[in-house]
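Following are the structures in question.
Two complexes follow with chain A in common, the first pairing it with chain B and the second with chain C.
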Partner chain A sequence: MRPLRYVSSSTLDAVVAGLTAGDRLLAGGTDLLPLLKADLVHTTQLVDIKRAPLSGAIQRTPGGLRIGALATLAAIADSPLLDGPCSLLRQAARQTATVQIRNRATLGGNLLQRPRCWYYRNSRSDCWLKGGQGCPAVEGHHEHHAIFDDSPCRAAHPSDLAGCLLALDAAVVLYGLAGERSVSLHDFFRAPDSERRRETILGNDEIITAVDIPALPAGTVSIYLKAMDRKAWAFALVGMGIVLHRTGTTLDTVHIAATGLAQVPRRLAYCEQALAGTTAADVHIDAALQVLGRGASPLPGNAYKLDLARGLLERGLRSL
Partner chain B sequence: MADPAAPHSQAPVLRREARQKVTGRAHFTSDIELPGQLYAGILRSPHARARVRRIDASMVREVAGVRDVITHGDDPGIRWYGEEVPTFGEELRFVGDEVAAVTADSEESVWDGLRAFTIAYEVLEPVIGLAQAACANAPLVYRDKPGNLAAEPQVYCRGDVEAGFAAADVVVTGAWTTQTALHNALEPHGCNAWWDGELLNLWVSTQSIFTVRNNVARKLGLPLNRVRVHSQHIGGGFGAKQVDWKPTVIAAILARRSNRPVKLMLDREAESLAAGNRNATRQQLKLGATRDGRLCAISATIAIDGGAHTLGGENSMVAGCYQQLYACDNVYTEQRQYYSNTGPAVAFRAPGYVEGTAALEQAMDELATELQLDPFVLRERNYTARDQLRDKAYSSPDALRRCYSAAREAFNWPLRPTPQVARKCRGIGMAASVWPGGNSHPPAYTTLVVQGDGSVSLLTGAQDIGTGTRTVLAQVAAQVLELAPGRVEVVIGDTATELHAPPSAGSATLATLGPAVHTAATELRGQVLALAARELHADVETLRMDNGYVREAAGSRAVSLADLAAAAAPGSLRSSGAVLAKPGASSPCTFAVQCAEVEVDLDTAEITLLRLVCAPDCGAIVNRLLADSQVIGGVTQGLGFALTEERLVDEASGLVLNANLEDYLVPTVADVPPITHAIVDLPDYSENPLGVKGLGEPPIIATAPAIVNAVCDALGVRLRDLPLNRQRMLAALTQTARPS
Partner chain C sequence: MATTDAQPRHTPLSLWVNGEYRPLSVQPRRTLLDALRNDCGLTGAKKVCEMGNCGACTVLLDGAAVYSCLVLAVECEQRSVTTIEGGAAGNTVGALQQAFIEHDALQCGYCTPGQIMSLAALFEREPAPTEASITEAVAGNLCRCGAYRHILEAARSLAASGTERRGAGDG
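Take a look at the complex of A and B:
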């Protein structure tokens, strides 16, 4: 039998000290437990952080909003503070997983969940992300995989919330042995490379304590559209988060972030540039759709994601 | 004609184990815990095609809690499937193939033990999928099976197909494909084995306790009276539990070696790899018709991917619908089953007919479009009251016509609700089906006993895979005995009754056991009334049964069943009923017609089902609630087949990529639209006086083509490959002329 100790956390400093000794942190556990069972994560000690000095509160701050790392997806889906400019977060949370999972899963765990790639998760399959050679999805089934080729790993990032937070220019608050730091999501997520076969720059001694969302001008509108293979309980084939603000009829803020297209949530910068400063007339939307795939190198089985992303972007832009 | 005693009432009697099931008090095989029980697990091949060079189990035996290890050579030379393979092969043919087994004190120790094996495999190039299997230079799954053909091609021919096509004004031709689908019963396969002295007791999640008993006895060299199979509640089977599987015998062997009960349940992954599937197909079709829509010729060349073995049980009769559904003098079908290095296929709810009808009914829809005929009109123009395959009249020659009218009326065909939503388009579609099952599968035996207190026991060796067998059999007996159904206790799921009953398969249960129970109940009623006449000194003709009493119709005297049971001593009030043969004069098939309305998003190609109507023929309806359950369940499984369910296999390695319920997408409640059961309720007295036929399978068959036809109607583009995933739908969107 594999010995596995289960302890409750005491202080944040003790938690991060344990991380360097190989502890794994248990909050909702909706990803950690499957990873443990699939032999993708090994540890001898699980530290339950639900009672740690961590917060799940969603609250206003001088600079905007702060969501504690322990906030459940259900709490995010239900929070009236997230109406208005941030409503895409509520929409995304409502479309994530199932009621049961949303009641358990936390924001911090959601941002750190590992790829859902069926080669990565299959204990009989070797792959680059697990330390092996090459990505079997490239020659195999990659219908759900990334159309951008930013990493030896072709897995697409699964988080609905991550894309939305990226569109909101949010930042994660990290705590580690060296203390606290704030990192924008743009920098936090990074496609895996040979030095770091994971999707974030989180240090080995660090934990996410909160996510900060900067204040947005009044009148900012947002939407999250998710395409999945069934009506509920599926990861996004493509998820499209859009945050817009107009002065008069002119778009002065255009933030567009997609999930399901790349190894990490991705801002669609070319589309944003095509729309910024315009009135989002048909011609401008068409121009944005034209450049959506710039830089993409889809595989034969996932080129459809470009069409899907364009469909979602057009639908979203026309509805805001 | 109609027997007045027939329970032709559509009575909405609640399933008798309903409360037990929803409160968690029904004991399924996975709930059976026996004193001193060990747990067992199976080591499965990580390779699709490999040879076992060496097994080192020394570390396994070192694992704390591990009790026993068996590998090839540890069984008495048992052979499995049509290919006579051993229990633990040295040649492995799919990812999930059985390599070894262990027992341990706990499930955790089993897992640890399975991880401790060191095995040297010689990995060989696998054959994955139909295209590879049929390829001229493909490796052979079996050295003695050239071309990877599992059997000689099944060829059927009637009339002159070439002449038929020559006479056709319009021809529709093309290739259609259907995918491999997994049963995903809620309860996995598994068993608990216990040797009580020389008597082997098996608790098995199975659709056929007698098939398991007979085959386990044969494989282990035991007399039939030394094997007893129990199965009280079964968490679904859908065909995959109608054959006996290796785990049952493995558990029995391990239990004998340890002299302890051994429980062996598959987990969800093993269930997805090695417990059966619906075979993928490729169907090359050609339909020819006259300008006025009469079929002149049908030709179908069918390839099916049977996986690594041929398992037995119901065959996948993909060609059947081409031979039976429509009037056509000239029909040619050719069906080939190929081996591949994937888990073996097994019967899955209307095996073959789901796959064949998916293609035929899409092709008929294309034909209707070509001929500018309403899809109903085209089908009714090719109506047949005869089963041309068996060359007999259908026992209900009007049943399919009644299905057409019931479905059309319930759906209000061809009404399309308005207004349509911007950037979405709607479509409607329909499809018809025939199923050669739903009739009796003799032999079947049943016994009825009036107990000393007047309660009634009904015994038969059936099992209930979840359709409500106990409830309907009690209804049939109670109707004849004029008792409340709750007064009849139904004892099933135990071979020790020695009352053989057929597998819960082929939609045969009610059609087989219903008449047997009816015979027994009628006999018992005669015994009761005769004894009452003696006790009351009355004429039998003046007596009637009434809720546990026999009363004088005109007088006030009465005698209870309890008193009559006492009066019968030392004898007893006891009767038997059997169904031993089929009449066979006509062909008792079942039919269904389904309609679908869908909405397709013109930006994202998302399909939303708006409503589904299913009008199945099942003879007389005995219990409306249970009939609705079969319709809703079948249609739901059918829409999963149409839209999301597909076993994905990596071609290079043979790994099943979605052997779990996260990636293999069965429908959620949000995917299921309102499903209307359009009642047909047409008694069929050809085989039994109850007028009943089965309903397990008809509701799934026509669902997928009805949905695909509706999607094609919405887009004006034909889609010939299932399931309709987003990739295929977006490709179709690029071809549509619908405004976006």
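Take a look at the complex of A and C:
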């Protein structure tokens, strides 16, 4: 790792002012430190936001629930407040990484972690996301990569929690030089493009302070299913977050979001449409599975992800 | 890139390691793992992947298991670190060391300090953990010799004696 200064700030204004000067924010460090060691991120000053006036609390609000950016994945996995409609979040946190990582990793850092693509993470390989020309995964090894082609970069988004929060219609609260704003996760994550080789629209002067989850009607149920190369300590090949609500036997809310399929977590809108207003009988589930791949363009080495995703969706729907 | 201004000085750091006060002077980029091994001379925590991928560097930070290769030493000001060297007769780490010896739970021994510290965090919280808790606790520690079966047996034996101790206490 290159030499660094380490500071902490007592106000958020000082933190965001430092961002424009090239500071990097250190939360749990579980993604930032490996990136600094591999020389993929450059900075001369780290600001430890664990000492800033930021919260890690998980609490009820008039509108639903708020999780502070500093909440650790261990705290999310253990929080009884997240039972009921939000239980998929606890399930996802529990299946993320390992105890040692969950004790340190924070929600804010989890949403902003960079892709696990082996070309991106290898400092010797040239890649579009790092400012290079093309994406080497397209012609190279892409077994873990995206099957949707929304960006010149084929890396899949790695966060388990991000997909779940997207299924919950959550929003991030951001603080920057212009003050506070709330951005829905639908808009916060955006596939990288040539003007912005990053996975979010977070401004260069902005910090995540919290995530808001809107209240869901009583009786809402949810599940997160994760397919991995091995049973623990692996990133999702495909992760499937499902949030459902029924009136009588009819589904009036169907939110489905996948991790591992695209450059950013993705709502499976065609599947949702195929199920909304139905009783989720076999024919409706079949219809949803049929449209799951609509718009996808899998590469030769990752078409299996479609089958995995269909399997997870079917299993999830039948269990709820 | 690095200008003179960007060259950070050593920072004073007060650490509590295995109950002992350790005043150090470290560069901000120094990991807790390097500070323990090189500045404190405690080489029990092992340096293998340095990326959070193996678990050999696991120590307790204020009682919680962490990968010390992914923590900066300067983040630990006034905090308490427990390493395998803290093992002694009568404490949890010591009891686990004994159980590992009795169950032949190591071959090369390189992963052992990490395995024991992960289990120590669990046993400090739950003296008689379930099978599922034991498996979860060591899921972040690789053993390239494949001693997993004996590691789990060592943990189970301590869990069983924890159940007995608790049973005796309750009665």
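We take it that the second predicted complex is superposed on the first by the 318 of 320 C-alpha atoms of A that agree within 3 Å, B and C clash if a C-alpha of one lies under 4 Å from a C-alpha of the other, contacts with A are read in each partner's own complex, and residues count from 1 in each chain.
The rule is simple: contacts are C-beta pairs under 8 Å (C-beta built on N, C-alpha and C of every residue); 3 or more make two chains touch, one makes a residue touch a chain.
Quick caveat, the model's predicted, so the values are computed rather than measured.
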| item | value |
| --- | --- |
| Touching partner for A:Trp233 - first (chain B), second (chain C), both, neither | both |
| Which of chain B and chain C A:Thr44 touches, first, second, both or neither | second |
| Chain B versus chain C as contact partner of A:Glu143, first or second or both or neither | first |
| A:Asp307 touches, of chain B and chain C: first, second, both or neither? | first |
| Intersection of chain A interface sets (partners chain B, chain C) | 1-2, 232-233 |
| Chain A-facing residues of chain C, complex | 1-2, 6-8, 11, 27-29, 31, 50-52, 55, 58, 61, 64-67, 69-72, 74-75, 118, 121, 136-137, 139-140 |
| Contacting residues of chain A [partner chain C, same complex] | 1-6, 26, 28-30, 33-34, 36-37, 42, 44, 46, 48, 50, 74, 97-101, 103-104, 232-233 |
| Partner chain B, residues of chain A touching it in the complex | 1-2, 116, 118-119, 122, 124-125, 136, 139-141, 143, 225, 227, 229-234, 237, 301-302, 304, 307-308, 311-312, 314-315 |
| Residues of chain B touching chain A in the complex | 46, 64-65, 95, 106, 108-109, 112, 423, 601, 603-606, 608, 643-644, 648, 650-653, 655, 657-658, 662-663, 665, 667-671, 725-727, 730-731, 733-734 |
